[in-house]
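Note that chain A is present in both complexes that follow, paired respectively with chain B and with chain C.
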Partner chain A sequence: MDLFSTGLMSGIGFLAVVLVMLRFESIGGWTLGEVAFLAGMIEMSFGLMDMVFGGFDPDWFSGVVQSGRFDQFLLRPVNLATQLLGANFLLRRLGRVLEGIVFFGLSLWLTPVSWSVAKLLYLPVVVLSQVVAMGSLFMVGSGLIFWTVQRIEAVNILTYGGVELMSYPVHIYPRWLQRFFTFGVPFVFLNYYPALYFLDKPDVLGFPVFAPFWAPLAAAGMLLMAIWFWRFALRHYQSTGS
Partner chain B sequence: MAMIQVANLVKTFTVNQRGGGLRALFAPRRRTVTAVKDISFALQEGEMVGYLGPNGAGKSTTIKMLTGLLVPSSGEVLVDGMIPWKNRIRYVQKIGVVFGQRSSLWWDLPVMDSFDLLQAMYSIPRERYQRNLKMFREILELDDFLQLPVRSISLGQRMRAELCAALLHEPQLLFLDEPTIGLDVVAKERIRTFIRYVHEERHATIVLTTHDLTDIERLCERVMILDHGKILYDGALKQLLERFEGQRRLVVTLADPLAAPRLPGLAEPRREGAQVFYSFDPKTHSAAQILAMLNEEQTILDVEVRRAGLEDTIRRIYEQQLLFPVDDRTGKAN
Partner chain C sequence: MGLRQQMAYRLAMWAGLATNLFFGLLRVIVLIALYQAQLSVNGMSLQQAITYSAVAQSVIAFLTVFGSSDLMRTVYSGAIATDLVRPVGFYGYWLARDFGGSLVNLVGRGLVFLLLFRLFYAVDLPNDVIAWLCFGVSLALGWWVSFSWRFLVNLASFWTPDALGVGRALFGISQLFSGFIMPLRLMPDWFRQWSEFTPFPSMVNTPIEIYVGLLSGAELWRALLWQAGWALALFGVAQLVYAAGIRRLVLQGG
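What follows is the complex of A and B.
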């Protein structure tokens, strides 16, 4: 039931993309199918990420810190990441993954991609990179909890907002937003550029031709930063009174 | 070498003042609170110490630093040769912790499943695990609720399960933070018996914080009293009582209570039915002296000497501020 309802919930997200597309026919020169490819890929990754990195979800983690349960994690002789990831693993998140897969399949039906061996090999790499990159944001968000205790909405803007934003071709956004998601949080290289490669679309932003292949690099960089930040933040854990 | 060595330990918290919205995120109004102010002490292997203090004295903060949950603002902690907050995983293998107000068990799982999970987490060899479990099941009488989920057992049962959980991996160092909180007299006594067993039979070093002074009286020879983040007293419980106990009361039942005499050097006795109360200062009089004087004038049917409880003594120490912080260089009370 949970599985079904989360699937339905995010299915409505897909409907939103379709409605927008029906209204404009194309967005920034991208057809419905192409935008669906973009949105489907990130949706699928987000679902996977939410399942794998659920323990670092700031919304959940703030509750763990507030209730003092985090002390118990610290008292056990097991790696913190292992404990956290295991503690909030919910199978119902599979709903969102399934929905992403359906979404993605639909886009392939709308826009036939001319697949090559290289593309088929690169697709899982891109999905994995997206999972890691968004998971890193979750880690940063949960790290901030050590100071704020309460969850910070600003982080949700980055994670949930980022997914929404990445569902459309990035060149339709204002320059400052593009710059932020290029140099601040390099989401551009994780979804938009790989999509250019898969769909054989021209780059209108003027990055080197190999920019589509920066996804794993961007993800690895984000993960390293996130791990460093999380460890730094942990030193500032204040626990809660009892 | 000392099991626990603490030197000039300080912990300061920054507390965000309440204030809404975005401002709180970018320019929060902050206040610093020093919970632990420069404390030093040492604990030898096999010692059991009672760590006392009113709410907010810094007890829990100290325990959290000793268990590696919090990183001190300054100062040094060395426990069994390790710095608690570094090498967290290696350190927590060696200690056992019970927070009376928190649960280390899995809420929705049967008690037994929690133990099994802990066995895996601590990689306790099967044989040792079985041996300990068997022993604790017996002493703590766990069998009645071993298969019940944690959420449905009583507080007293839960605390017994918590103690078992904290000891399955045979730690030589035990931190017990309010292990008897909220329990009834019988349950408390059972927990105390178990703590004494662990201390005497297993020679574990134990740090015990509690609000129940009976716990301390029954279990600890050494006490540390903390107030406002400073150690006020660190030494033998007996000496503390001798120093601050103040007046004792001799309660006698006399054949003719109405004719209870006033004794030289003592205040007017108080009468309650057949019982007569003589207050005396143990430094100037002894109970035997008073009895001898009384015996000359009256027939004594029954005798009882009442000392002020630890409870009264500690309350007087806080209220009248009888103690000043311990000098950290000498480690002796002023």
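What follows is the complex of A and C.
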């Protein structure tokens, strides 16, 4: 029951998009199959990330800090990050991965990709990059909790909002939003550009031809920043004493 | 300490508004990209679709669109025992409790949201006093339908220890069918027709279609009557399910 219900919950948003696209047929020149490629990829990655980085989920981590259970983690003679990775592993998050696979399957059925060896090799790299990048956001979100103790809803804009944002072709967004998600948080290179490569679509934003291959770079950059911030935040930790 | 709590509450409110604003703007951008050069789709203009999305986001807190779990938590904690000995009916007690919070949110989250949203996109207002009045009645009916629906979902806790999981699934379904995520009018006709056989469009889609002026004349009255019908039907079902459940709960607690 649990596995079924989370999958359903997060897939509802995309289901609404599917229904609307049955009437409109395309968005920004992209068909339903192509949009499903974007949505399927990021849903799969986010689901996987949620399982691996579950211990850094700000919603869960704030509870750990508030209750004082975080002190137990600090006392153990094992690396803190290792303890937190997988500390909040929930099988029901598999629902989200499955749902991503369904969207991805829908995409392949509607819009066949002309696969090559290079594309097949790059696909897992993109998924891994997305997992690492979204996980980095979880780390930053839980790092902030050392100051605020309570979870910060605005962080959800970047994580859950990011998933929805990356489910559409980026060129439909206004310039300021595009710029923020290119130079601020490099979401653009994590899903949209790789999708251009897989689907053989032209780049309308005018980045260099190798931009589709920046996904691992963007992810590595985000992870480094997240680790640095996490260490910095940890020094500010004061137990709630409860 | 009181001040800190107040500040934390304020901060939470602004963070919540920022989240609503982000998702609201995202949906509007998507709608603009979908419409492209089309002036009207299935009788709905782009400006009406934008206003629809803005109003839909503004009533999230008032209508508790994402669902609630207060009641089921009192069942699991045992606090329900105190509520059952109160000299008011159980349904009425929760209705009053819920309505108070909702009313605060209508202004605190709804009005403030619309003012913020207006900084980005224009939001239309209902045409005249009659339209405002009809919208008010429809929104109130929508709230009643939403309350009875949430009451029913929470009653699942009388039967199962995982009412939260049940709620996650059912509140997801009601969000889709209510037209909260995307206007039902922009979905295929067969889906819209089927959705009318559920109480969910009465919660969000109907009040907002009245707000943006998509319903008039006989169509408007039919929509209001349909809503009232669902409100009464769900109220009746809620009484029946509660009566069946409370007998069971007493047995378990004995």
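FYI, the second predicted complex is superposed on the first by the 239 of 242 C-alpha atoms of A that agree within 3 Å, B and C clash if a C-alpha of one lies under 4 Å from a C-alpha of the other, contacts with A are read in each partner's own complex, and residues count from 1 in each chain.
Following the convention adopted for this analysis, a residue touches a chain if its C-beta (ideal position, glycine included) is under 8 Å from a C-beta of that chain, and two chains touch if they have at least 3 such contacts.
Worth saying up front: this structure is predicted, and the values here are computed from it rather than measured.
Of the two partner chains placed by superposition, chain B and chain C are both touched by A:I152.
Using the contact criterion defined above for the overlaid structures, shared-chain residue A:R76 touches chain B, although it does not reach chain C. When the shared chain is aligned, no partner comes close enough to touch A:V209: not chain B, not chain C. Note on chain A: of its two partners chain C and chain B, the one contacting more of its residues is C. Residue contacts after overlaying the shared chain place A:V117 against neither chain B nor chain C. Look at A:L15: by the touch rule set out above, it reaches chain C but stays clear of chain B. Within chain A, the residues touched by chain B in the first complex and by chain C in the second are 152, 154.
Interface of chain A with chain B (complex): residues 68-69, 71-72, 74-79, 148, 152, 154, 235-239, 241-242. Every residue of chain B that touches chain A in the complex is listed here, in rising order: 13, 16, 25, 60, 64, 67-71, 85, 88-90, 92-93, 97, 99, 101-104, 121-122, 177-178. Remark: chain C residues 8, 12, 15-16, 18-19, 22-23, 26, 29-30, 32-35, 41-42, 162, 165-166, 168-169, 171-173, 175-176, 181-182, 186-188, 191 touch chain A in the complex. Partner chain C is touched in their complex by these residues of chain A: 1-2, 4-6, 8-9, 12-13, 15-17, 19-24, 27-28, 150, 152-154, 156-157, 161, 164-165, 168, 172-174, 177.
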